[in-house]
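Below: a set of structures, written as structure tokens.
Look at the two complexes coming up: chain A is in both, with chain B in one and chain C in the other.
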Partner chain A sequence: MSEKRLAPFMEMAQKESCFRPGSTLCVDCMESIAFQNVGRATDNGIKTIYTMGTFCGEVSTLLWPTVVAWGRGDQEATQFEKSFSIIHNVFESASTVAEGIRDTADILLELGALKKPIQVVANSGDGGALVIGLRSLLHTIHRRSRVTVVVLINEFFANTGFQYAVTATPYSETSTTPPGDFIPGNLEEPMNHVGLALMAGAEFVAQVSPAFPKDFTEACERALSCSETAVIFVPSPCIAGWKFKEGRTIELAKLASETGLFPTFLKEKGKAGSLRHVSLDSKQRTPILRFLAPQRRFHHLVHEKNGEPAVVKGREKEVALIQDWANRNVQTLQRLTAWDVA
Partner chain B sequence: MNPYGSIFPEVLDLEPLRKKHIPLYRRQERIQMDGNGAAAIASLQFWRAPIYAGFPITPSTKWLEMISTYINAGRFVVEENGRKVSAKRVKLLEAEHAVADYLVGAAAACRELIFMTATSSVGLDHMTETTRSLGASGLGNVVLINVYRATANYPLCIEGDPSDAFAHRDDGWIQVVCRGKQQIYDTLIQLPVVGMDPRVLIPTMPGYYGIKDSHRSEPFFVEPDSKIHEFQDSLIPWRCPLPGLIVGETAMGNCVTSAHFQGFKWEQKKRMDQVLSVLTASSKKFEEVFGRPGIVPFEAYFMEDRPPRVLVAMGPDAGTAYEVIRRRRKEGERLGLVVVRLLTPFPSSLLREALKSAGVIGVVNNAFHSERGHLTALVSEAVSGLPIQTTGFFAGLGGADISVRSWEKMIDLLSVLKPGESRFVHEGEVL
Partner chain C sequence: MMASLQKELVAQLKKGEALDLRADGKAGSGLVMTLQVFAEAVSLEGTYQVQEWPFFSSARKGANVRGFMRVGKGPLFMTCQVESPHVALLFTEKTGEEIDFASGVSKGIFVLNTAYHAIEAAQKFRLRGEVFTVSGDRLGQEYLHHPIPNISVLAALHKALPLVSVQQVVQALKHNGEKRRLPLKAIQANQDCLLASLKEVSSAVVQGEEAWEHPLPSFAGYEGYPIGAQSALRSSLQNLTANYARTGRRLVFQDPQDRCTGCSLCIVNCPEGIIQFVPDEKRGIRVTGADVNHFCKLCRECIEACPLDLFEEVEGALV
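Up next is the complex of A and B:
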């Protein structure tokens, strides 16, 4: 990774994003905020190519002919460096497709056929990258391919109707883990996606939300300057699936970090990483009830009364187990800030 | 305004790649090698093929091993800014599905280059999600060598049974069947120019029978690389009219509603409809350059006198059929033989014309899934409405040899079986 200066936040805010108006993503969708910000970071004088898995972020932005919400500027690019291409292949292989583009550009550059460099960003949902596409993600990282992988985590297969995915918070409602008297929602703990990416050998791994703009900008810039694979996991509140009131996306994204369910994490290979926007002292940490209560996917566990969370009678055990998971998650990620491939 | 998006031609010039190609052969030579070797040699002779992607599966693996051996030995190393780099590379992926996905990225990145792999059987099945996407993608610069092997692992069989090729007829690729090493070598050289023709833009799937052709050696002629380049470059446009991801500004693989989906499929059909004429024209050019016939939709033997009984077959065992029919014609029987080469798009009209005077056709299927066999269904449809009886035979399944006795038996059965019947034949016996 180069030691170049990180762009000040204001400078970043004024860049031209490759994400355009017109998408059919929900109002309050975190994915569109992430696209807008990653899109700005890629306005760095290098031609950008995106690959897409199949997910909300693809079907809602790449609908031909009316809503192709991609491209830098209002007109076709007149400069190669500003130009932008995008390809969607299948559900689970955005990073492998990106690798094919990366290698082709590299050999053309090395043999003097291609005159200018390109950068490649692979975008997927958590279903596409961590469930059906885990093989693709880990092997691209393992091969040290110079691509930036962005994984938008909303904890389920949102595009097909909010079915369970491996990232789902314990006891959350998904359409395939509907809470009932016998089974109170999802019984599995999430997979440690940050640890997997690190252990597969990623040069840079971040888990960061655009709700923390400076951290998000920093992560994008650091990722794009890597010489090997960089992975950015973006916790993405989903208004349709999480079932919260309009205007609370950023608040929930912040709470996801502060409660320890999705703490902000940045780690570069060979250097100490950092956990941010979460207290390392579990007693000081924001209780998970604050995060659960505004979402109806946890309505079988917690209600919001007069703005305050109240545990449903008889569900104290499940809530305590989620809290325990959050505490252990912070401990694990804290250990990972100091963990490196030997 | 380009309807497909801007192109920045000044940033990509492939001439350095062409110039830096290190030829394998500088003159025509007669060499002896197996089918995988013949395919690998042809693949390595293309200046347009800088990356070969692969994942091992029997019986296709030797293609990948041979490519790797040449590249790792430094056969294509050139000096670039004082640094030694290989102008050709092998990419080893973690699964066949990943190979297909990788080829999508590579081929979409630069549409003027050729990206190749080889696979078989369940390997091709594992790629299916992406091979089906590729078939419709317009990425005619992908070549997948299908070394036929039985699919469906109950029971597992590694020998040449084209059930994999037939199972993937619906993937929307151009599929050509080869028999013999010269055909394999020649088909590999010719087929990319068909797929990459701007009127076609369909990926290609040359195929040959596992073990029988992939692993058995035979002499054949290899051509100088320069002549191959002359042939390919005369037919492949220097710049694809559609922008690649690198040189252009474009969006690929979009979502559409039903209002537009049919339009895309209509375009795909129109392109597929062009294959036969583009193939025929390129075969003419191939023969002019190399002095050997190019790919034909099917080979017709003993058909000049419009024989009333005809066998339709494919693959290396057709050679035995040829000998059996030649002998029986000497004894006075009017028999004909058609050997299918172009599997997709199936040359129905040409076949109908060739078979229109026949009374009985025996279609020999080397793969079984259901009913009377895929090839029988294709041939029956080609001659539908004509007063011709089609009979389905199953022989040589799992790559079993079809003996002289079996061919004799099938010919004898032509006069006995009722319309619509089918029979399994092995070693001269009806099973």
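Up next is the complex of A and C:
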């Protein structure tokens, strides 16, 4: 990473994002907020090529002829840095297609056919990158390809109807793990995606939500200036699948970090990482109930009564187990901040 | 007292001809559930056969969606989508402003979710035939604590097309709720909402001298677009997503005392990136408003984000 001064947060807000209004994403979708901010971060004077796996953010923003929300088509072709390209492919291939683009661009640059360097950003969902395409993601990282991979995590396959994905919180409701009298929802514990990316050898791994704009901006800038693979996991509350009221996306994203389910994590190879927006003392940490209560996918465990969470009778054990998992998750990530691949 | 058109349609059904229904609304307005429950009630009754299917692909919450239903005495062999329905339903008024929900219907039965009385609604949407309206958003807010019109429109549809008894609709509604794993309380609230809505349906037979045409949409192909049409579309900013917002609500930004500190939280938290601002010497930037009329989906994030509460959701139509 270069010793470039990080752009102040307000400076970032004034940048022009290549993600235009007019997408058909849900009202109050976190992916949309993430794209806006990734778009602002890539407006740094270098031409960006995006690749997309199949996910909500692809099918709702590249619909033709209704809308193409990824903009800059109106820029003159001579404005190399401002004009903009996008390649979309199937679920698992966002990172591998990005790798191909990086190699091609490097060769063209060496031959002189391309005058200026480019940056490559791969966008995909957690179903695409961590379930269907975990292999291609890990291999891209393993090959040290110089791309930035953005993985939006909403805990299931939202695009196809909220089926279980490997990142789902324990005891959450998904359409393939419906809670009933005997089975209280999803029984699996989530995969440690941050650890996997680190162990595969990523130069920079971050788990950060746009709900913390300063950290998100920092993560994007650091990722784009890496010389090897950088991965940003973006926890994205999904209004349609998590089933909460409009206007609470940012609040839930903050709670996801503060309760320890998706703590804000930044780690660069060879340097000490940091764990932010979560208390390391489990007694002072925001209780998990605050995060579960507003969502109807945890309706079988917790209800919200007059703004206060109340555990459903007989489900205390499950809530305690989620709390336990959150505590262990923070411990794991805390250990990872000091861990480096040999 | 059954009106003539209703009688005509029921007689047509008894003769063996199929009856077509088409519903227009927004994803999240409960369109699928309404048609499912009505179809189930009709099949419970046993006289008629039904087909019911929603029609949308990658539509997201707030996007326009469509659903179809076909009722008939004998086996239903027709499987294409409905172009000229006998009964047209409208779940959200904003959808009606965007597309012609009555397209292909010159005279028929119309069921609308609107606060207007049937006669006013007929005038607004240029309808001829029998019009049934119900204030679904208000009833939904009252009984289900959420402005969802599905149950009220179901009640209005039951009034418009009396093929089954109220008990059968209630039974189908209960079964559908159980199938969707709704809590018992919600199932009961749905039932209460249905019974209350039945009393609030307004109807009118609208006849007029002039015939209002609702032509079928035509498709002229893509010839009009030059090569590189995608680029033109990107810059045309055509997809006005402001229609995703709730009917009759809009966002306003008010800062008469110039309190905005330029903290930029609204700018980075806006999913559409439509917050307008100007450079300011002291504060860095100063927010001046948002492009509400074109793209605001009314997600309320800026309202929640602003530490000074300068954004507000108010009643009022888009300009």
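Note that the second predicted complex is superposed on the first by the 335 of 342 C-alpha atoms of A that agree within 3 Å, B and C clash if a C-alpha of one lies under 4 Å from a C-alpha of the other, contacts with A are read in each partner's own complex, and residues count from 1 in each chain.
As a convention for this text, a contact is a pair of C-beta atoms (placed from the backbone, for glycine too) under 8 Å apart; a residue touches a chain by one contact, two chains touch by 3 or more.
As the structure is a prediction and not an experimental result, all values here were calculated from the model.
S.K.: In the overlay, answer first, second, both or neither for which of chain B and chain C A:314 touches.
M.R.: A:314: touches no partner chain.
S.K.: Given the touch rule stated above, what does A:213 touch, chain B (first), chain C (second), both, or neither?
M.R.: Second partner only, chain C.
S.K.: Figure out whether A:240 sits in contact with chain B (first) or chain C (second), or with both, or with neither.
M.R.: The answer is second: A:240 touches chain C but not chain B.
S.K.: Of the two partner chains, chain B (first) and chain C (second), which one does A:22 touch, if any: first, second, both, or neither?
M.R.: So A:22 only meets chain C here.
S.K.: First (chain B), second (chain C), both or neither: which does A:70 touch?
M.R.: It touches chain B and chain C both.
S.K.: Identify the partner contact of A:14: answer first if only chain B is touched, second if only chain C is, both if each is, neither if none is.
M.R.: Once the two structures are laid over each other on A, A:14 reaches chain C alone.
S.K.: So, A:33: does it touch chain B (first), chain C (second), both, or neither?
M.R.: In the superposed model, A:33 contacts chain C only, not chain B.
S.K.: Going by the contact rule set out at the top, does A:59 touch chain B (first), chain C (second), both, or neither?
M.R.: It touches chain B and chain C both.
S.K.: Using the superposition described at the top, list the residues of chain A that contact chain B and also contact chain C.
M.R.: Residues 59, 63-65, 68, 70-71 of chain A touch both chain B and chain C.
S.K.: Across the complex, what residues on chain A touch chain B?
M.R.: Touching chain B: residues 47, 49, 51-52, 58-59, 62-65, 68, 70-71, 76-78, 80, 83-91, 93, 96-105, 107-108, 110-116, 118, 135-136, 139 of chain A.
S.K.: Where on chain A is chain C touching in the complex?
M.R.: So the residues of chain A in touch with chain C come to 9-10, 12-14, 17, 19-30, 32-33, 36-37, 39-40, 56, 59-60, 63-74, 159, 178-179, 210-211, 213, 239-240, 246-251, 299.
S.K.: Hey, which residues of chain C end up touching chain A in the complex?
M.R.: Per the touch definition, chain C meets chain A at residues 28, 58-63, 181, 183, 222, 225, 229-235, 237-241, 244-245, 262, 264-265, 267-274, 277, 279, 284-285, 291, 294-295, 297-301, 303-305.
S.K.: Quick check on the complex: what are the chain B residues that touch chain A?
M.R.: 1-2, 5-6, 8, 10-17, 20, 50-51, 53, 78, 80, 85, 87, 89, 91, 93-95, 97-98, 101-110, 113, 115, 129-130, 133, 243, 245-246, 248-257, 260
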